[in-house]
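Dropping a structure here in C-alpha cells format, bear with me for questions.
Naming follows writing order (A, B and C), and every chain is counted from residue 1.
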Amino acid sequence: MKEMIVKVKNVVKRYSEKLALDHFNMEVKEGEILGLLGPNGCGKTTAINCILSLLNFDKGEIQLFGQKMTPNSYDIKRQIGLVPQEVSVFENLTVRENIDYFCGLYVDDKNTRRRYVDEAIEFVGLKDYVKYYPKKLSGGLKRRLNIACGIVHKPKLIFLDEPTVAVDAQSRNFILEGIRKLNQEGSTIIYTTHYLEEAEMLCSRIIIMDNGKDLVSGTTEELKAMITTSEKIVVSFLSLEDEMIDSMHKIPHVVDIEKKGEDLIIKFENGNNNLSNLISFITEHKLTYRKLYSQLPTLNDVFLELTGRELRD
Amino acid sequence: MTVYKYFIKVALKNKWIIIMYITIFFVMTLLNSTDAMKREESFVETRLNIGIIDKSMSELSSGLREYLEKENNIVDILEDEEYIKEQIFLEIADAVIIIPEDFDQKVVNKKEAILIYKDDRKPQALQIENQVNKFLAFANITYKDGRFELEDVKEALNESVEVQLLSSGDSYARTGVDSWFRFYYKFTGYVIIGVYIAIIGLVMSDFRDKNVDNRRKISSKRFLDFNKEMYLGQLTLAAAVTAVFIVASMLIMGKKLGEVYYIKYLVNLIVFSFSILCLTFLISNITRNKYAITALSTVLSLGTSFISGVMVPQELLGDKVLAIAKFFPMYYFVKINDSMIKSLLEVRYELFMQLLFAVVFLLIGLIFSKRAQKA
Amino acid sequence: MSHFIRNCIYQGKNLFREGSYTFWVILYPIILATFFYAAFGGMMDPSFEDLKVGVEENSGITHVLEEIDFINIYEVSKDELVQKFENDEIDAFVDDNLNLTVNKSGINQTIIKEVVEQIKQTIKLNRPIDGSEFSVSYVLGRDQESNSLTVIFYSLIAMVSTYGVFAGVETASLIQANLSNIAIRINSTPLKKQNFLIAGVMVSLLLNLFANAALLLFINYILKIHLFNNIKYSTIIILLGNLFGVILGIFIGVSNKKSSTKTLMAIAITLLLSFFSGMMGPWIKVMIDKHVPFLSRVNPISIMSNNLYRINFLGSTKSLGEGVIILIGYCIMLLFASYLFLRRKSYDSI
C-alpha cells in the first residue's frame, strides 16, 4: 500500500464574484503522475496555490505528507518543488545562477549543490546556455529553465502547472520525457494541463476538473470505460440525404450521429462488428464514400459526455 | 478608435494615482504662488530685515532702535546664538543687532558698543554697519555733561536727499494679483512637465504591457492612424490636466482676472502644454522603462525649471545658464509669463519657438515610433 | 548566515544588473545637481564690489566721497548719464546740491543715499567736529555666512538619500506572492520571508549609499561646492535617510498592488516632502518654518536637510538628537506597518 502524499478534501475557494473551487477533492499516492485536466480557468492553478498554502481558502482541508499544510510548514516545503505556470525566475540572473539560487534555498552543502545544479542543467538540456540571461532564451528554453529551478533540489513531490503552454514541439517532447524520468527516479508528480494528449500519454491517473469541481478520476482506461461511446467511425460521403441519416440510427449499437462539415461522426456503444455493420449498410444503400475510419474514444469524449462541452479550445 | 478608447480606459483605471499626483503638485503650486507676492516686494524694496535685541533699554538705545526701525523692517528674533545664526544663514534676517547692558558707557568711550551678526560678504552688512555707526557718531557728537541730545540727532537724521529715479521703461510696479498669476502659471509650467511625463508614461506602460492581444490587432492598423489615435489619447489626458490648473486659477482669483492681462497667461500655458505633450510623445516612444520615465519626469521638470527661471527670476540667472536654457521650451514660456506685454504680438517670437519645439519633438517621436515598429 | 550572504549576493546581482535602474539611481542625482548648480552656482558666493558713484566734473563733494574706501568716483557729464547707467558704469549720480539720481532701487543705491545723506545730516547737526568721530567703529561684527541657496542642495541630498525607496518597492514585490510570479515560487520554498527582505534591504542600502557617495564626490570635487565640514554627523544623517528610504519603499511595496503606481507614489511623496524642505527655493522652507513649524520638525526630508546645514554651516548639533530619534521612529513605525501586511502569508487572490 503506497503512502498518500496529498489529500484535498472538500475545498471551497471563493473569489469575490466567482466560485473558483467548489468542494474540490483530490488524492495523490506516492509514485503517481497525477494529471489535473480541465479547460482554462477551471481552477487548476487555484487548486495548486491552495495546496501550497499560497492562497486562503474558505472551507475544506488540505494535508501534505500526512500533515496540515500552513505557510510556515517549512519541513513540508523542503520536500516540494513547484514549477509555476508563468516563467518565474530572476530576470537579471543567468541560467546557472537562477538554478543555483533556488537550489541553495534547500541544499546547504556546497558540493551537493554543485552536483545537483549540474544535473538539473543536464536534465533540462540547457548546458550550452548556462551563462545566458532568461530574456535571451527562446520561449521553450525559458520553460525548461523554469522547470529546472523547480526540480533542482530533487523534491519528493513536484507540482507542474501547465509547463508546456506555448512551447514548440521539440521542447514539449523534451519536457514530457523529463517528467517521466523524474517519476522513474522516485518523484511523485502533479501535473496540470488542458492538453488531452499530454495527459493521456503521461499520467498514470487523471482527475478531470470543470468549474472548480473534480468530476471524475481514474486511469485513462477507467475514464473511457465510464462513458457510453466506445467507438467512433468517421465517414465522408459524396452526397447524402437526411432520411439516410435517420435510417443509419437503426444500425446496431449506434448512439449518436453528428454532422461536422462533410464528415459524419457515428458513435457506437460497446458492441461487436460495428465497422462491418456500417459497411454493410453502405453497400446495401449503394452509397459512395470518400473516406472512412474508426476511432477509439478520447478523453475529449469523456469530457464532452460529462459536461456537454468540448475540452479543446 | 479602438486605440483611443483603450487608452482612455487605461487612464481611467489609473485615475486614483493620477488624481493624487495632480493634487500633490497642485498643493505645491498654490503654496509657491501664495508666497510669491511677498517675495516680489523684496526685490524692489531696499529696506533690510533686521532683528534687534536691546538689553540696555537706555534712552540712547531706544533712540537707536527707533532710528533703525524707521529705516528697516524688523523681524522677530530670539536671544540664542544658534537661532540667530540660522536666521542669517537662511537670509530671514540680513543682520541681528545685540545692544549690551553697558551700552551707553561703551559708546561714550568710543568702544565697540554693539554686537552685529551679519554676512560680511554682502553689501547689506555694510549698510547696517554704516547706519549704526552714523547714529552713534552723531550721538557722541552731541554728548555733553553726561547726556546725549537725541532730539537734535533725530532732527538731523530726518534730513534726506532727493532721489530722482531715471525710468528705464519696464519698471512699473507689479500688482500683487499680477505677481500671483505670474508665479502660479510659472510653477504650473514646471508641473506640466513633471505630471505629463509621469502620468502619460504610466498609462503608456500599462497600455503596452497588458494589451498584447490588442497590440496584435492594432499592428494591422496603419502606422500613422495608430499614432494619431494614441496621440489623441495623450492629448485628452493632457488637456484635462492643464484644464484643472487653469480652472483652479480662475476660481481662486475670480473677479480679479480682469486686473491682469489674463489672455497672456492662458495662451502661453496652452501653447506650452502642447509643446510638452509633444515632448512626452517623444519620450514615450523612446523608453518604456519605468525608472527612466520617473527619472526623466523629475530631471526635465526640475532641471529646466531651475535654469529657465521658474524658481528664481531669469534676471538673476547668469547669461551662460540662460544660453543653455534657450534649448528648452521652458525658457520661452517663462519669458512670456514674466513679460509685461499689452498684446500677444509682442511675444510672437517666443510663442513661435515653443511651437517649433513641439513640431521637432513630434517628428523625432514619429521617427522613433517607426523604428520601434520595424524592430 | 551563509543563507543570508547567498541571498544578498544573488539579490544584489539581480538588482545591480538592472541596467537602467542602476544608471538612473546613480546618474539622476548628479544630473539634477548639475542643473541646480547651473542655476544657482553663481549666486552662492556673493561678492561685494565697490560702489560706483558718478559726480559732475570738478564737483565740490569729490574730496568728501574720496575719503570713503568703498566708493569709487567717476566724473560724468549730465548728458551721458543715461548711457552710463545703462552700461552699469555707475550705480548712482550725485550733483553738487547733494541730490541723487539713480535708475533703479537696490542695496547699492541705498548705501550711496545713506552716505550722501550723512553729509547733509552732519551739516544739519551743526556741531563742531574734527572728523575723528566718523573713524570710530562702534560695531563688533560677528560674521555669519548667509547662504540660503545651499538649502536647495542639502534638500536635494536629503531627497536622493531616500531614493532607496525604489529598490525597496522592488524587493517587496519579489516576496509578495500576490505581486509577482517569482514570489509565488519563493513562497513555495522553505526560505523565510523576513530573510529575503532583510537581504533586500541590505542590498538596496548598499546601492543607494554608493549613489549618494558618487553624488557627494561630484558636488565636492567637480562642482566644487563645499557642503560638508562635519563628516561624522553628516554621515549619520545620510545613513538614516537611506534606511528611511528603503523601509518606506518596502512599506509602499507591500501595501499596494500595482507596480507602476507605486513608483509614482514614491516619487510624489519624496518630491512633496522635498518641496516643503526647500528644494525648489529656500523661501518655501522659510514660509513653512514660520507658519507650520511643526511640519518642518516632522518632515523627514526637512529633518535631514535642516540638520545637514545646521551641522555643516552653523556648527550646531542642537536639533540633531531630536531628528535622529524621529527618523528612527519613522523607520520602526514603517517596519511595523509593513510587518502587518507581510504577516499575512496566504493571500485572498494572486
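FYI, contacts are C-beta pairs under 8 Å (C-beta built on N, C-alpha and C of every residue); 3 or more make two chains touch, one makes a residue touch a chain.
From a predicted model like this one, the values you see are computed outputs, not experimental measurements.
**Student:** Common contacts of chain A and chain B?
**Tutor:** The common neighbours are C.
**Student:** By mean C-alpha position, what chain is farthest away from chain C?
**Tutor:** A
**Student:** Please find the two chains that have the most C-beta pairs touching each other.
**Tutor:** Top-ranked chain pair by contacting C-beta pairs: B-C.
**Student:** State which chain is most central when centres are taken as means of Cα atoms.
**Tutor:** C
**Student:** If you average the CA atoms of chain A and of chain B, how far apart do the two points sit, in angstrom?
**Tutor:** Once rounded, the distance between the two centres reads 65 Å.
**Student:** Where the centres are mean C-alpha positions, what is the separation of chain B from chain C, in Å?
**Tutor:** From the centre of chain B to the centre of chain C is 16 Å.
**Student:** Counting in whole Å, what is the centre-to-centre distance of chain A and chain C, each centre being its mean C-alpha position?
**Tutor:** Measuring from centre to centre gives 61 Å for this pair.
**Student:** Considering only the defined contacts, which chain C positions touch chain A in the complex?
**Tutor:** The contact residues of chain C facing chain A are 2-3, 6, 10, 13-18, 177, 180-182, 184-192, 345-350.
**Student:** Okay, in this complex, where on chain A does chain C touch?
**Tutor:** Contact set of chain A toward chain C: 15, 49, 52-56, 71-72, 74-75, 77-78, 80, 82, 84, 86-93, 97, 101-102, 104-106, 108, 149-150, 159.
**Student:** Hey, which residues of chain C end up touching chain B in the complex?
**Tutor:** Within the complex, chain C touches chain B at residues 20-21, 24-25, 28, 31-32, 35-36, 38-40, 42-43, 45-48, 70, 81-82, 85-86, 98-111, 113-118, 120-122, 124-127, 129, 133-134, 136-148, 151, 166, 258-261, 263-265, 267-268, 271-272, 275, 280-287, 309-310, 313-314, 316, 318.
**Student:** Which bits of chain B are touching chain C when the two form their complex?
**Tutor:** 14, 17, 20-21, 24, 27-28, 31-32, 35, 39, 44-46, 82, 84-86, 88-92, 94, 106-107, 110-127, 129-134, 136-138, 140-142, 152-153, 155-157, 159-168, 171, 190, 194, 198-199, 202, 205-206, 287, 289-292, 294-295, 297-299, 302-307, 311-312, 316-318, 320-321, 324
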